[in-house]
Amino acid sequence: MSTAVLPDRKVRGDLSLRTPRLSPLVAVSCAVGALAATAAAFAVTPLAGRAEFVIVAALAMVGAVTGVSWRIEGRRRALNRLVTLGAGAAFALALLPLGAVLAYTISRGLKRFSGDFLTHSMAGIGPLDKAGGAYHAIIGTLEQVGLATVIAVPLGLLVAIYLTEYGRGRLARSLRFFIDVMTGVPSIVAGLFIFAFWVLALHRGFSGFAAALSLAILMLPVIVRTAEEMIRLVPATLREASYALGVAKWRTIISIVLPTALTGITTGVLLAIARVTGETAPLLLTASGNSFIHTDPFSGPQSALPLLVFQQTQSAFNVAIDRAWAGALTLILIVVLLYVSARLLTRRNTLARR
Amino acid sequence: MPTVRLPFTLLFPFKHLPSLRFAAMNPTRRVILAGLAGLSLLAGAACGSDNGTKTTTANRSDCAKGQISGAGSTFQQNIEQQWIKDYRVTCTGAQINYQGTGSGAGIEQFGAGTIDFAGSDVTMKPAEQAKADTRCGSKAIHVPVTAGGIAVMYNVKGLSALNLPAKTLSGIFQGKIKKWNDPAIAADNPGSLPATTIAAYHRSDGSGTTKVFSGFLDANAGGDWKLGVDKQLNWTGGQGAKGSDGVTAGVKQTDGAITYVEVSFAKANSLPTAKVKGAGADFVPLTSGTVGKFLDTAFTVKGTGNDLGGKIDFKATDGYPISTVSYVIVCEKGKDAAKAELLKAYVSYATGAGQGVAESLGFAALPASIGDKVKATARALS
Amino acid sequence: MTTSSALGTTGVGGARRRGDAIFRGITLGAGLFVLAILAAIAIFLLIRAIPALSQDKGNFFTAKIWDPDGSKVFGIAALAFGTVLSSVLALVIAVPVALGVALFIVEYAPRRLANILGYAVDMLAAVPSVVYGLWAVYFLLTEMIPLQRFLAVHAGWFPLFADPEGKASRYSQSVFAASIILAIMIVPIVAAVSRDVLSQVDPALREAALALGATRWEMIRVAMLPPSRPGLTGAIMLGLGRALGETIAVALVIGATFDISWHILTPGGNTIAANIANRFGESGDLGRSALIASGLVLFAITLAVNLMARAIIYRGGAVERSAAV
């Protein structure tokens, strides 16, 4: 890589002050011209189709601008333009599916999304009934994810403290490695494990708590990793000041290090929650699902939003499909709410630092 | 769903974000946290409700209360939901929960004792039966609760009626018949056929529907059907899609498409279904009546005593030949008396008055030949 | 503690040290507990997989068929091939886009806008996979058919896009569809990590390159990419890991066949995780065991990916980043 030195004199020549620059107006008209040419080509030649048009037009526009730039500004500036356009196009391309997913979910979800939907369960709803809602599923999701958080956060924090404050040598290294491997456990495997271990072997049956256990397995590595990095960011000077005052290490960690890293840790936790809230497979095996409002998470089958969405789509009838999309919209809203909260928490913080 | 868990530190770069000061809780943060707490409170408070059923009449005398839960066959899901709703109209206080997780999962969970009854499109294998018997402490029995036909649904521009014998169907789904105006199709469908290419959709997930459909073809296509009989096949042609909803979506989107699916999907999406000929002499449309007629002679009970698990002979000549029955699996003698009582009341309702809702949901009532036997079995549960 | 008091340490110091020892013990215990959970999961997978592996009448590693409940012949070959193929294709699609996004945010977009745009990309990662899958079934699959036709017609000479039976213009439930939906799901991951890595480049390097008269692209190529290479490789490996394990979205869009075919536009394809989701509900005892055996293989593949990602990052000397990897 170090061989990629700066351009030699001959090439650099075309960047001299006398080299003409492409004015934005010319660049834009090149792009428009390419678009028009593509449209003309599609009208005359056998080329047809929306997808074809978008692809050909995009290539033609980038090609035209780069080509003209090469003629007028030289190779190096042309290449620069090509990359700039490419990065911009990549960004637009990445946002396209997000916009499409959100627009589609909102347009289909709003059909059934209402206060009524949010406050009623699926109990006593026949397959042809228009009524019914997601209340029982929202309760289930909040309880299961809440319990998973209660289990995973303290455990994850303790592990993170060990890794940052105490862990040295081989044990810490392998612990860190295996937590990384744990990030690779597919969620259905976590569900299967809890099903075999908790639901069957310990005879605890289906429950929201079993679901919470499987979600906690999925959250744990995320929380350990986030917390670890946040704790690492706490400046050593703070710790040293505390030690200098004669405070014990464990007290320093609890009353100085953790509170300092708290905002970052909170963000990590919220993001981990946002991630597991949409999990379906482990819930099928652990919470099983229920049409009734079931507030007790410790015994008996319970529903959850992803389960509701998944099950309602399996029906032939449009009333159920509408409920599925309204459920998907609710799920996205909850996740977005968490995400935005997390972002606001951290943004507030950036401002405070400036 | 199984996703590879990722370290979020890497996902979200907040290295530059966290406060490096011991910050007292600032107002913005307090507001946000309060908002989140409010959200959970909103959901936690008793402001939601199970949909209250109108209890105009007093509970019937044979009502049982309590909670039971079942899981299994997705085929049964809709009719179970309807029965649960209707049962609760006259018997409030009963909580019956049914989840369509798949027959295999239902049988496993029943054997493991995590559910009180399983819905299944197939009878248990010996090993599963043994497990279920152990769990019950008595015999685990199959009770037929509903029947249904598998529709051959298609979406071909300019084609509103279609006759398909088993041999032609077998050719279409094995990719041997490729165009809608193929002579094999034309032989049974006079008039002009479009030259559209056939797009045959099958289930990509394991399904009792596939088992019934392949069972029909295996019995009636005269050796042309090479893929065997199972819940999932090693398909040689066509396109797989997940679930009845998946194949339906595929057929709806594709001109020239055909699939096999529960009849309710065809009705709900206003797509036409073909008349089918198996071992009989005529092309038969799928109706509640023709399904019942077929099962009358095709279904024979193989189980002993109260076990009504049986077999379908797809070579039977009357009625619509791609039909099947679906069971619930229950303990003949339940260990928990209260649950057993509710289960008995519910199964009695489902196999009795509950049969009346079958047609409106795309199912068929149980054939007359076993109707009485089933009712007697339901009454004998304890 | 006796020695410390012999050395004249106060009683308070002794308590302090005891407190430290206890606290350290608690955190160590938490760490060991997490290790125990992971070990339990691995052992559980192994135990549940053994019945299937011992009764397999085919060759588990080469058979291209999955029939554990019937003929008891099943093999991982087609599944593993499809898993790797769809994931690698997803990377091929996602990586250029994700790197473009990262460069755009770090280098090209105005600072204030860049943050907001970054959040928007992150939001892609927050959409639940079941929603992506449903969206694909009801919307994306139909929209993809023209694109498939375009590729089959104009790029059919390229073996991957060959469409010998002319099916690509009618069906879209293919490896290609799975790769597209996976790509959509991993773009935000790769983009976010890359953005993080690129923004860590020492500003002095960048400024030096610019001062020497480099265009912005030359600066990126000379000053930013070489030091970021290990981090970027790590980002890509993480994206690969995510793609390998994704289940429901893939199950909803893939044709689920058991053959090894390079024709990605032809309907079919399958992955380990999608096969588990498709088959689990209707499987018998041996079928479930076989699915768990396939889960074990997936576990091994993801473990290998993790190892590779770490090896690359450590070798690149980005030890500072190791905390996040």
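In order of appearance the chains are A, B and C, and numbering begins at 1 in each one.
To be clear about the criterion, a contact is a pair of C-beta atoms (placed from the backbone, for glycine too) under 8 Å apart; a residue touches a chain by one contact, two chains touch by 3 or more.
Please read all numbers here as calculations on a predicted model, not as lab measurements.
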| item | value |
| --- | --- |
| Furthest chain, CA centroid comparison against chain C | B |
| Selected interface, A-C versus B-C, where C-beta contact pairs are more numerous | A-C |
| Chain B and chain C: spacing of chain centres that average the CA atoms, whole Å | 34 |
| Inter-chain centre distance, chain A versus chain C - centres from mean C-alpha coordinates, in Å | 13 |
| Numbers and ranges of chain B residues touching at least 2 other chains | 1-4, 6-7, 9-12, 15, 74, 101, 245 |
| Multi-partner residues of chain A (each touching 2 or more other chains) | 180, 182-189, 225, 228-229, 275, 279-281, 313 |
| Where chain C touches two or more other chains, by residue | 122, 125, 129-130, 138, 188, 241, 245, 247-248, 273, 276-277, 280, 302, 323-325 |
| Chain B-facing residues of chain C, complex | 65-67, 69-70, 122, 125, 129-130, 137-138, 141-142, 166-167, 170-171, 173, 188-189, 192-193, 195-196, 199, 234-235, 238, 241-249, 251-252, 254-258, 267-268, 273, 276-285, 287-288, 302, 323-325 |
| Contacting residues of chain B [partner chain A, same complex] | 1-12, 14-23, 26, 28-29, 32, 35-36, 39-40, 43-44, 47-51, 53, 67, 69, 71, 74, 77-79, 81-82, 84-86, 88, 95, 97-101, 109, 112-115, 243-245, 248, 262, 264-265, 267-269, 360-362 |
| Contact footprint of chain C on chain B as seen in their complex | 1-4, 6-7, 9-13, 15, 74, 101-105, 107-108, 125, 127-128, 197, 199, 204-208, 228, 230-232, 234-235, 238-242, 245-246, 249-250, 253-254, 256 |
| Residues of chain A that touch chain B when the two form their complex | 118-121, 123-129, 131-133, 135-136, 138-139, 142, 146, 180, 182-189, 199-200, 203, 205-206, 218, 221-222, 225-226, 228-230, 233-235, 238, 256, 259-261, 263-264, 267-268, 271-272, 275, 279-281, 284, 288-293, 300-301, 311, 313-318, 321, 334, 337-338, 341, 344-350, 352-353 |
| Footprint of chain A on chain C - complex, ascending | 16-17, 19-20, 22-24, 26-31, 33-35, 37-38, 40-41, 44-45, 48, 96-101, 103-105, 107-109, 117, 119-132, 134-135, 138-140, 143, 146-147, 149-150, 184, 187-188, 191, 209, 212-218, 220-222, 225-226, 229, 241, 245, 247-248, 273, 276-277, 280, 292, 295, 298-299, 302-303, 305-306, 310, 322-325 |
